[in-house]
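First chain written, first letter: the chains are A, B and C, and each begins at residue 1.
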Amino acid sequence: MADITDPPRESFRLSQLLYDARYRSLTIQVVAAILIMLVLVELVDNTVTNLAALGKDIGFGFLWTTAGYDINQQLIPFSSQDTHARAALVGILNTLLVAFLGCILATVIGVLAGVLRLSNNWLVARIMTVYVEAMRNTPLLIWILIVFAVMTEATPQPREFREGGSASMLLWESVAISNRGVYIPRPIWGEGSGLVVAIFLASIVGIFALRRYARLRQAKTGQQLPVLWMSVGLFFVPAILAYFVMGRPVTLEYPELGGFNFTGGIQVRNSFIALWLALSLYTSAFIAEIVRAGILAVSKGQTEAAFALGIQPNRTMQLIILPQALRVIVPPLISQYLNLTKNSSLAIAVGYMDVRSTLGGITINQTGRELEGMLLLGLFYLITSLVISAMMNFYNSSVKLKER
Amino acid sequence: MKKTVFLGTLAVAGLAASIASAQSTLEQVQGAGVLRCGSNEGLAGFAAPDANGVWSGFDVSLCRAIATAVLGDPQAVEFVPLTSQTRFTALAAGEVDVLVRNSTWTFSRDTDLGLDFQGVNYYDGQGFMVSTSLGVASATELDGATVCIQTGTTTELNLADFFRVNNMSYEPVPVATNAEGQQQYLAGACDVYTTDVSGLAASRATFENASEHVILPEIVSKEPLGPVVRHGDNLWGDIVYWTLHGLIAAEEYGITSANVRELASAPTDNPEINRMLGTEGELGAMIGLSNDWLVNVIAAVGNYGEIFEQNIGENTPVGLARGLNAQWTDGGLLYAPPFR
Amino acid sequence: MSEAHAHSVAYVRDAMLPEQAPPPGETGALHWLRANLFSSIPNALLTLIALYFIWSLLAAILPWTLNGIWDAGSLSECREIRNARGIESAACWAVVNERWLQLIFGFYPTDDRLLASMFYSEGLAAAGGAEAVFGPGASSTDRIAFVGQMKAEIGNLAIFFFGYWRPLLALILLVVAVAPILYSSLPRKLLWFSLAFPFVAVFLLWGGTIWGPVLVAAGLVASLLIARVVAPAAGALIGMLAGIVAFLAIFLNPLPFLDLGLFPLLPNVKAVLDAAMPIGLPAIESADFGGFMLAIIIGTSGIVLSLPLGILLALGRQSSMPLIKWICVSFIEVIRGVPLIVWLFTASLLLNYFLPPGTDFDLLLRVIIMVTLFASAYIAEVVRGGLAALPKGQYEAADSLGLDYWKSMRLIVLPQALKISIPAIVNTFIGLFKDTTLVVFIGLRDPLGLTNAIRATGEWNGIYWELYIFVGLMFFVFCFFMSRYSMYLERKLATDRR
């Protein structure tokens, strides 16, 4: 028996870089790297040359100069004497706010519409079809403009709320819906309110603990607890008790009509509501389709099998259908959330002061720093998108089918 | 297959990109045979298209005047729509030859942005419009009011300054376009609409019940609006400057589109008119134009007063009085340097 | 036998009983109502709520729509007519009636000469004949007055079909060019036309001399031919290099320091040909493009141009070479992570900074370039889905046949993957088409931008709903049929695979 010997080692030849599959990929990558570098160098060089020709330089010093303009919706205090950087921060917070609330509302409406589209009720299913098609096939910008115009035209002016006017406040004079926005009471946190909040948060933790305990107990003994009622009780009772025990530390400041406008309370501005609604309605149509497809993707046999086991319909939905449908639903849902966040940049159409209107709009316009401003703006959106998709991917991998 | 399509279009794109040139703006315009004029996307009285797509308006007439001066044809203008955000960049990048778009002459725009303002074709100022039912007679009574304002202009800075200096608070409602501002204001979503007085008057003129709205007497800013060119090409700047001031001087000396041909046919008693219309001296040649350039301009678009009356004057829907924009002889600010 | 059987049984039915009607309530409209609308109490409640909703919606919209005034010259005239009729609210559709051509084509110039000779010959004769009005020496102001009068007389429909024959023809040819790609039953030779279409469209829409597009096409073919001819003789790599050199010589000046006045070849040849044989259409500037035509141009060219780039990116993302993969992934993620509106502002404010000093693309071209890059990232994701959906056996089969990478992609993988991706590509197109409304923010005259321009005229200042509704409806109709088509394709392809 002859030993198996290694083939004689070939010496490396230069032509292997081109014709040998083992080395060729290295060649291609080196060439690609060089080309990319060349392109980047060329771009930077062009930019510097062009800017120099216009007498401009590149610098971010403008961020620390006085902004000079006012922003109506500010989650952190801002005045026209603050810096452009702070204006950008106010805009960023506004963008995040509308994106976050938009994702929630879009999911709620979308799931509802998607389920109703599969309803046995012919009329309701048809209405939902019309809704979904109308939303999906018309540009978002038009919807934003239409919702904004409807909100402006259909709601009363603040002066209608005066004595003898045609409008009145809702919910025991605490909420006013006008065409400048919705005014709601503002909570005033008094002495000892911290404790109330702490107890409230603790009871929420308690609800989660209860659910976990109920599940374990059911797995062990087969007995079910009335989790829903216990959760509701846990949600309300301790916080309300604490509220009265501490001597009602939280009071409400009601909006009142004074001068030109309502004063006091919290004003939820029309531009915000219009953008929020339009974004949610538009995105919800896409989510509805995703939900419908997700539910249809679960084979009918699963439902029948569950029924055959004697599981109730709502528990079938909860335990059998939804977990399977979610696996199909979540990945496209992530991209819809991303779309909604990016689409919030259309705030410019209704004058909502998001980051594109402050940093990418007025600041650029007042300082003439379009290159730097656009760079920062792009970075912000990029980071937001990456964070959202990272979070969602994490969730996605946790519900993924564990293949063995 | 698709790759070829891509490359093909890339090549077409490469062709369309004009090669770097050291040509002056005048040579470029004459070579192209058309003047690229940066204009408003639409502002009543200043620039608006009719059903056939023919533009007219106060700013548009100035573009046509410059085109007539350089090319001899008032229709040889291409109107490039620019937003308030993109206008200066487009001019600096050479996408338009001249910008006539209600742009306020300010220090930083003239210096830092590398632009040159060539005189003023309309003296404007920022004002406030309110509904008469509010019972407000002065802008100083507007404490706490909600104010509709167009973003991306000097108006928002003026507004912030005005309210801060007077120790008043206000709630800004930014709007993207004039149309949106009108709609918000009419629906009562804001108490006050603020922009240049000319714009306010133009908007008010189209309201269903114009008499229920009043423009407050306070003017809170100086807004000299004028044509803008790139810094550095002085000959082109001169052409724009002297075309505008030729129109102003023509009104001062009574040269109109009706009588300009007659006045130019033979030297008159007034040497200034003779020099302007080319019957005496060689003024046109000094700025690289034909000697009868101003004759063509006035014949095509009329003098400043005619343009004003035709587009924004008291007999038009906009209905603006001459005010600051009257000749210096009538107590206004229009004052053309001598043609000598 | 049968007889015997008959006698042994007590009863034999010898006639078929007629079919009986189903019991009442199990058929007809009533049954349908009960089954579909009132099957249970909650369901009935839902139906009633839905009915109330529909009724209140229609009650709010219908009277306003149907009472609409179609014939008026301005908004104030509309209001007068409305008040004269004593109606509380009525739409003023007159603005749509007057301006729909503008909303569709923007300020794209009509072929006035053709219109005048076809529909207005008497007026033309009265004005002194075509040469006197349209000739080179004629006064442009008189011409505009003449055209205005002519258009007022001949009506919008005639202008639509004959005044705008260039964009209309381009649209019809677009359908012809796309058809063989979408319908595999059509003859394959039509694909040659699909290849030529971009050049035809550029010529039809922008006009100018015909030699530009012809020479660009010829130059591309020449580069490819040179590569093909050289390749068998000197190896694939040398062939490719020869093709690139030929391309550079034809389109660019590869050696800027060697200024012979000869390179790039193309503009010089074009000038010679143009002088010898001036054939062409009147040139039209990009700034005149507008309305739905603009949306279609941006959307279509964005998708068509982004396909090759998107396919390359998708392949790159699957590549085993880490650097290539990394470049493709970061490109795709950066493009997709930032909103289109930011990219559009980049196109309008910054793109000129990145290009060599002195280059000056017009805005439309810059937007198309940016939209192409934008769409290519999305197409890459779509194609990646198609590639992933292919069974692994296909890749392995191609490998086992000994095909190299490009051949296996070109012959085996991509044809199947692309076919699966067509519905998603159509959906991407719909999304892009809708997103073209965003160009209004950088000053292009898309339909929404035109509504602003229309409102700027004294006659129509203060009109909102009618224009928004018209624009919205146009978009809806277009996108709706596209999405129906993509669903149909999806169903068809799904049966194909079984």
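A few points about this structure:
Here is the rule we use: a contact is a pair of C-beta atoms (placed from the backbone, for glycine too) under 8 Å apart; a residue touches a chain by one contact, two chains touch by 3 or more.
As the structure is a computational prediction, the values presented were derived from the model and not from experiment.
With A-B and A-C as the two chain pairs, more C-beta contacts join A-C.
When chain centres are set by their Cα atoms, the one at the greatest distance from subunit C is B. Per-chain Cα centroids separate subunit B from subunit C by 36 Å. Here the spacing of subunit A and subunit B, counted between their Cα centres, is 43 Å.
Here the CA centre of subunit A is 30 Å from the CA centre of subunit C.
Annotation for subunit B: residues touching 2 or more other chains are 85, 89, 183.
Residue positions of subunit A touching 2 or more other chains, listed in rising order: 149, 348, 364, 370. Each of residues 345, 349, 352, 355-357, 441, 464 in subunit C touches at least two other chains. By the touch criterion stated above, subunit C contacts subunit B in their complex at residues 75, 79, 98-99, 101-102, 106-107, 109, 140-141, 143-144, 147-148, 151, 191, 195, 198-199, 202, 212-213, 216-217, 219-220, 224, 247, 251-252, 266-267, 285, 287-288, 301, 304-305, 307-309, 311, 345, 348-349, 352, 355-363, 365, 369, 441-445, 449, 451-458, 461-462, 464. Within the complex formed with subunit B, the subunit A residues making contact are 54-56, 68-72, 80-81, 149, 152-153, 157-159, 179-180, 258-261, 263, 270-271, 348-351, 353, 357, 361-362, 364-366, 368, 370. Contact residues on subunit C toward subunit A in their complex (touch as defined above): 36-37, 39, 43, 46-47, 50-51, 53-54, 237, 320-324, 327, 333-334, 336-342, 345-346, 349-350, 352-357, 430, 434-435, 437-438, 440-441, 448, 464-465, 468, 471-472, 475-476, 479-480, 483. Put simply, subunit A touches subunit C in their complex at residues 18, 25, 28-29, 32-33, 36, 43, 46-47, 49-51, 53, 119-124, 127, 133-134, 136-142, 145-146, 149, 338, 342-343, 345-346, 348, 356, 360, 364, 370-371, 374, 377-378, 381-382, 384-386.
Here subunit B touches subunit A in the complex through residues 84-85, 88-89, 92, 108, 112-114, 133-134, 142-146, 151-152, 156-157, 159-161, 164, 170-176, 180, 183-184, 187-191, going by the rule given at the top.
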